[in-house]
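Both complexes shown next keep subunit A, but they swap its partner, so subunit B is in the first and subunit C is in the second.
Our next item is the complex of A and B:
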């Protein structure tokens, strides 16, 4: 019989105690894997969302870069605009690869729900916008070819909600304009899924906004110093520059603060599990002091006893850790749903991106923590004096 | 910088605003209390033709409707949300909505029904139409109160014609010449009543 099977059988002697300790370790492993997976998933999702916007810099009118917020609060009436000739001024910069103009407009539709709601339309350039958003694929149809066509392309969810297919008509409430649906996009997992795209010229004409834009999407050339480029953009009159790289770093900064708190909680969970391990193994050692005395009197060296107790700890931690990892992978979707419910903003795509590397890291942390916890009980067991131990049992 | 973050959040959340694709009440707590003033609560049940009877049920529903389910929005696996309305522990009625393709957009027609299968009230939650104001008016909706599935038996959504002797003949198109959304609403009501009959009223008989 080797040392591993002795250690394993020792654990089985107190099944409930061993199971509860392993359960505690499993819970801490579950928390650890889920949080590590969340950190990675959130960052990946955020990167993907920003990359999927197709441009790195957004130029808007000074003082009101928040079209979406304004649309929600005031419909189309509170928006501020930049002039269309800004496109030429921006394109003249050597760092610029592509520019796409956008005009967002909204109308209040009293026939949506009990109290009405704002219906928003995004006017985009038929030539440059599809070029910048190459990842968008069509379920049916295609982009409009003419910037003045009375046509619409619907995101996947917008089409489902409006129950529109290619060839159907779409009514813009308030101004009672009819446009024909020429394309329905496949689900992209981005904000484009819920967007109704119209040709920019059509939006300018329908809403009497000739020569006006709400935003310019700018894609810069590779290896461009975006900070320097942004500073130069501020030389243009009355514009606000929104750098998505900056937005990303700001959000990640906020997330990092929350992450620090959450990781502290995970650390506490691991500490509690370690305390449980120390308690269980130490109790086991104390109960088995006479038995350890007999083993030593039969020739076992202190190192043998140390190894036996330490192996028990390792088995307990490995079993609990593996169970916790399995549990976290099993409940990833559930955890994701809970996180999405509680967080005000979550990026699209998988929010918990656990993989074998995260699982291996968590297992290593748990086993290392467990072995650290097992040091004292194992040392104490190795120090047992055979005669004193046997005498204690006699008494 | 905080404002920029809010902007991005809102930009991203615009997708969420369109995410609810089923036919659920926008605000069930408020809407159920309004449709059933004496109610004390409700339970939400999710149903689909696929799980309740599959192809056979779909064929029966289409046969009773007198029209085929069409397009991507009337498939066998469309989820239907049924609100069972309670007063204490007793069911006093149901609220059920269906999606219907209209001339210019999706129409969501909800019926509040008593346990006897009669329409208690009619509510168009969502409608994009040139006749939206008229079709969503209280006067138009009030005409459906007291009707049941048998009143729609002879109504054909394909022809859109209403017999002069039918109880439906009293329901007039409030905006003739504004397209076919009046007919679409009637089709939605008939479809809703048939589904309610299959899901609730005749469930035990089959």
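Our next item is the complex of A and C:
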């Protein structure tokens, strides 16, 4: 038996009170771990999505920068167009390594989902697009043979949704055109998983958009001054230039305020839990004043009593903290689904990237906060005079 | 026999508004090694205050107190609290009317509790032996709420004896017990005095007081 086991057993006296306090700490730990994991997961996901684009700069028609960012990350119907001869003008720049033209089109599919939805088709160049997206691997089949073929390549999720395999026909609703599925991609964890790729010439022809593009993906050579390059691109008429850095900062700017509010809420949750700890331990000290007096009359030094009460706080916080961390890891998928439901844009892949470092940080924050909260009750207990115990019995 | 406790001119004054109340008013007292002393008197007479001062749990307003030849109170220099704690744990054992056992600890753990803070390496009896001596060998793993009042007081006595104190202070040790249990406690205290432990007890129980080697009565803070 030692001072720590006595402290542990002291907490068992009022089991419901101790459990409720530990529950409060667990909730704050859960919020803390989930939000720290979300911060990391969101940033990782955004970086991954952008890196997997295969190009560093996107050229679109002049318009809203947020629309351009969305187009870059999630696709879109791209209501504005740029001329196809822009490819030559851009390629002429010495900084450019590769250029790939894209044309996004969407049609309403009444059979999609319960009430119908827009089905998006991305027209890509059969030669340059696969070169830029080297990370894309095929589950079956291959890219289309040329830019005018009536063929389609489906992302992993798109194939699941459409329930199509290589060799199947795919009907494009609205225009009643039929293409043959020639390839199904493996899961990549990017927006490409949900995309239906068609040859760019076919999309231009089917949707009557000859010579028009929605975007140009540009891969620049190594060590290029991207800012200077972007400025020069603005010499081209009616174009909008979006770089990776801009997209990142645009989206991060959009979510930064939300993140600040959410982190403030997490901080408040921790503060409330700590107030609960002070209340519980202080109440326990006051209830046990005579007993603490007796312990001191047995020979306990003020430091011994301080240590005992502080240990109770540490045990309570560690138990609550660990339970909260466990809960957070257990419910990560659920939390992720909820966050995805509420946020307008979420990157692909794991949105809550909690790991042992985050768990350890949260546990440290909780225990440090708890120990800080335990200082006053422990100090107060250490000041109890043995006489106070005896006084309760009167003369 | 040598004096273990020597008190001279002890006074303890409390203020009640503008009025000064003398809880202890000029007490001179010696307690010898192995002596069993009973302090009696009506409620509010100052018995417990005197016991607390003798046990170094409270300080007197005036007067001096020496324990085993060391002057605790009476010098101009104040005896520091940490030193006082050391004196208490090396020389004294305390028993209270309400037992004050820790409810979440077993009988054995309650008896061992003082040794977490201080362990007298020369102590001859271990907790098990002490509990057997108190007739509680079969109760060591029980929790306090499973015991009778008499058993709880015997656990408290074992706890007070674990570091082999030279002086045992008991404040109404039979106050919460029936006649039969009180007689048991009386016998135990009597046998401890026989082993050479000085016992100073405050009691209202006539039989307990009569079992002591010496009896003093306190009225209005003075010995009569």
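Assume the second predicted complex is superposed on the first by the 331 of 395 C-alpha atoms of A that agree within 3 Å, B and C clash if a C-alpha of one lies under 4 Å from a C-alpha of the other, contacts with A are read in each partner's own complex, and residues count from 1 in each chain.
Simple rule for what comes next: a contact is a pair of C-beta atoms (placed from the backbone, for glycine too) under 8 Å apart; a residue touches a chain by one contact, two chains touch by 3 or more.
Remember, it's a predicted structure, so these values are computed and weren't measured experimentally.
In the superposed model, A:299 makes contact with subunit C only, not with subunit B. The partner of subunit A that touches more of its residues, comparing subunit B with subunit C, is B.
Of the two partner chains, neither subunit B nor subunit C is touched by A:97. In the superposed model, A:84 lies in contact with neither subunit B nor subunit C. By the document's definition of touching, of the two partners only subunit C reaches A:13; subunit B does not.
Of the two partner chains, subunit B is the only one touched by A:190; subunit C is not. Counting contacts by the rule stated earlier, no residue of subunit A appears in both its interface with subunit B and its interface with subunit C. By the touch criterion given at the top, residues 1-3, 6, 9-10, 12-13, 290-291, 294-302, 304, 385-387, 389-390, 392-395 of subunit A touch subunit C in their complex. The residues of subunit A lying in touch with subunit B in their complex are 49, 65-69, 72, 109-114, 120, 155, 157-158, 160-165, 168-171, 173, 176, 178, 190-195, 242, 244, 246-247, 250-251, 254, 344-345, 347-348.
By the touch rule above, subunit B contacts subunit A in their complex via residues 1, 3-21, 26-27, 30-31, 71-73, 99-107, 124-130, 132-133, 136. Remark: subunit C residues 23, 43-49, 52, 55, 57-58, 81-82, 85-86, 88-90, 92, 94, 96-98, 100, 102-105, 109, 112-114, 116-118, 159, 163, 171-172 touch subunit A in the complex.
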